[in-house]
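Take a look at the structures listed below.
What follows is chain A paired twice: with chain B in the first complex and chain C in the second.
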Partner chain A sequence: MTSAGAPERSGTTRGGGTLYRGDLGMWSWVAHRITGVLTFFFLFTHVLDTALVRVSPNAYDAVIETYKNPVVNLFEVGLVGAVLYHALNGIRVMLVDFWEKGAKYQRVMLWTVLAVWVVVMIPGFYFMMERTISDLVGGH
Partner chain B sequence: MSLALDKPRQPRRPAARRSNGELYSWLFMRLSGLLLVVLVLGHLFIMNILDGGVHKINFGFVAGRWASPFWQFWDLAMLWLAQIHGGNGVRTVINDYARKDSTRFWLKMLLYVSMVLIVSLGTFVIFTFDPNISSN
Partner chain C sequence: MTATAETTAGSRGSQPPVPDGAVTVTVKIRRFNPEFDDEPRWDSFDIPALPSDRVLNLLHYIKWYVDGTLTFRRSCAHGICGSDAMRINGVNRLACKVLLKDLLQTGDKQTTITIEPIKGLPVNKDLLVDMEPFFEAFRAVKPYLVTYGNEPTRERIQSVADRERFDDTTKCILCACCTTSCPVYWTEGSYFGPAAIVNAHRFIFDSRDEGAEERLDILNDIDGVWRCRTTFNCTDACPRGIQVTKAIQEVKRALLFKRV
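The block that comes next holds the complex of A and B.
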């Protein structure tokens, strides 16, 4: 991505840690934006569906049923994954900004973020999908 | 082909017209982010993972939680912080990608209206929730 039109910048990607574009740090920023915007759009929907508790218990229970649908349940895993990445990478951003060694360790911290994400999401996926999968596989 | 970029920190506006708004916005994102890590991850853990995850949620479950001022305050703080944090993030995204001033203006108006709507509705629901509302 950086190599084609900008020969003057070649070879500097990893050395000084000053170059940003096309490097891993840029992709962590892209992912931070995408997960943030998606979460904000979900929040809009989520406050509206929760507001149905003010209408009637039946209206609320009916809309919550859609959250228990297997496909929607899978989207919830995606939502939790997006929020978890945004939270972990947000802590990394704060460390880069406020910790004197933050910029030096930003790359290590990104791999740590991804490692923690995987370690949390594996049991997370299991517990979030347990009921849905047992219903699908074992019959109701 | 070299990159044609403006020099950073080149003053374009007279110093007197600058405000610290973006600094406070930047600081707010970090402070609210820190609180939201606890509030939102806690919320997701309780709602989606603990005790059968989403399948346990119904009107009775919500009524049980909002019987406690602790969870009412938790949800109220989460609503306000998440909405302002997320709205400020989307504001930045609009500023970055909108190409015409009129597009930028109207997208931000739409954003601000939706933020006021969601914060007001959510706050109203938390404060006026009635566990004995008729079940029709």
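The block that comes next holds the complex of A and C.
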């Protein structure tokens, strides 16, 4: 058996396996990234549809008309949720960076972020979906 | 001695008697033998163990009495040398510091313990990883006392408060639990990683040291402290209880505000 030289390291042995059960801070970071990317996608489409008004106001109206349905309304609530989380957690991350005791209180701050998020989203969901729901249930 | 993949005997022969109060636990290990395997594979062992056992005892049992080919590092076995860092049930821990009773399922449910090599470093065999990239980053931050000018004739005096400044980061045993728990390090191996920054912190904030500027310069690099995304996995993983993320943040602030 020849064992000259180090065994070859295959690239597949790096990583893999089960999911790392990281700290709460890791999941807040994952959520921060996801909400950030989602918000970027919204801004991207928003720039495109708003730019349509330069092409023709009628085309703009036609596109905006397609947004007036329950599914897009749900997306809007999702967008508010994503932006709200991203903003609140962004403040938390900045405090971790610049406040001496930020690292110590990172978990407390994360729970605060989530609590504020829920408190804002419950009435937010109600007021944003009010019309869609009453239309769906067969209001006026 | 030629051990093959089919070998089922342990390196110490037949199995010892099962002690009173032992429970059977399943140990699921992610294994890789570069001579036979193209991909890592899972191997399960049902073994008797006492609740007072440490995970390292279970690995010893497997290696000594069930499968002698199982490969892992351990040295002191008492949480001091830092050689048996591995991923136990999904998180980085020292196998010699985790007690089985803390992993046991309640009721009659069978306990399964998952053990994997630490992430982000090349696996040589089974739980044994190549630590060289880790130590390379450690050496790069000059983890030793740097002074200029003439040596003092007497010892270098330091106040209690000055010593306290870096006390937390003196506790590092270089086990790599923190660095290999970092999501940034998994994807960006060029990042210095928490352990190297902790050891830089230990000297940057030492009042006797004069190399703080050099080290801060090194860590101001694109692969330095700014890669840290404060996920706090490192703080959670450290078997010595070092506030790793806090130390990294202190280095960041020292860079921002030029205050050491």
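We adopt the following convention: the second predicted complex is superposed on the first by the 117 of 140 C-alpha atoms of A that agree within 3 Å, B and C clash if a C-alpha of one lies under 4 Å from a C-alpha of the other, contacts with A are read in each partner's own complex, and residues count from 1 in each chain.
Please note the rule applied: a contact is a pair of C-beta atoms (placed from the backbone, for glycine too) under 8 Å apart; a residue touches a chain by one contact, two chains touch by 3 or more.
On a predicted model such as this, the values are computed, not experimentally measured, just so you know.
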item	value
Contacts of A:Q106 with chain B and chain C, given as first, second, both or neither	second
Touching partner for A:L84 - first (chain B), second (chain C), both, neither	first
Which partner, chain B or chain C, touches more chain A residues	B
Partner chain in contact with A:L48 - chain B first, chain C second, else both or neither	first
Partner chain in contact with A:V116 - chain B first, chain C second, else both or neither	neither
First (chain B), second (chain C), both or neither touched by A:V63	neither
Chain B versus chain C as contact partner of A:G25, first or second or both or neither	second
Partner chain in contact with A:L38 - chain B first, chain C second, else both or neither	neither
Touched partner set for A:D97, first chain B, second chain C, both or neither	both
First, second, both or neither for A:L74, with chain B first and chain C second	neither
Chain B and chain C footprints on chain A, overlapping residues	8, 93, 97-98
Chain A to chain B touching residues, read off their complex	5-6, 8, 33, 36-37, 39-40, 43-44, 47-48, 50-51, 53-54, 56-58, 60-61, 64, 67-68, 73, 76, 80, 83-84, 87, 90-91, 93-94, 97-98, 124, 127-128, 130-131
Residue ranges of chain B in contact with chain A within the complex	1-3, 30, 33-34, 36-37, 40-41, 44, 48-49, 52-55, 57-60, 62-63, 79, 82-83, 86-87, 89-90, 93, 114, 118, 121-122, 124-125, 128-130, 133-136
Touching residues (chain side chain C, partner chain A) in the complex	2, 30, 32, 34-35, 38-40, 87, 89-91, 114, 116, 119-125, 130, 181, 183, 186, 229-233, 235-236, 243, 245-246, 249, 252-253
Of all residues in chain A, those that touch chain C in their complex	1, 7-10, 12-26, 28-29, 93, 96-98, 102-104, 106
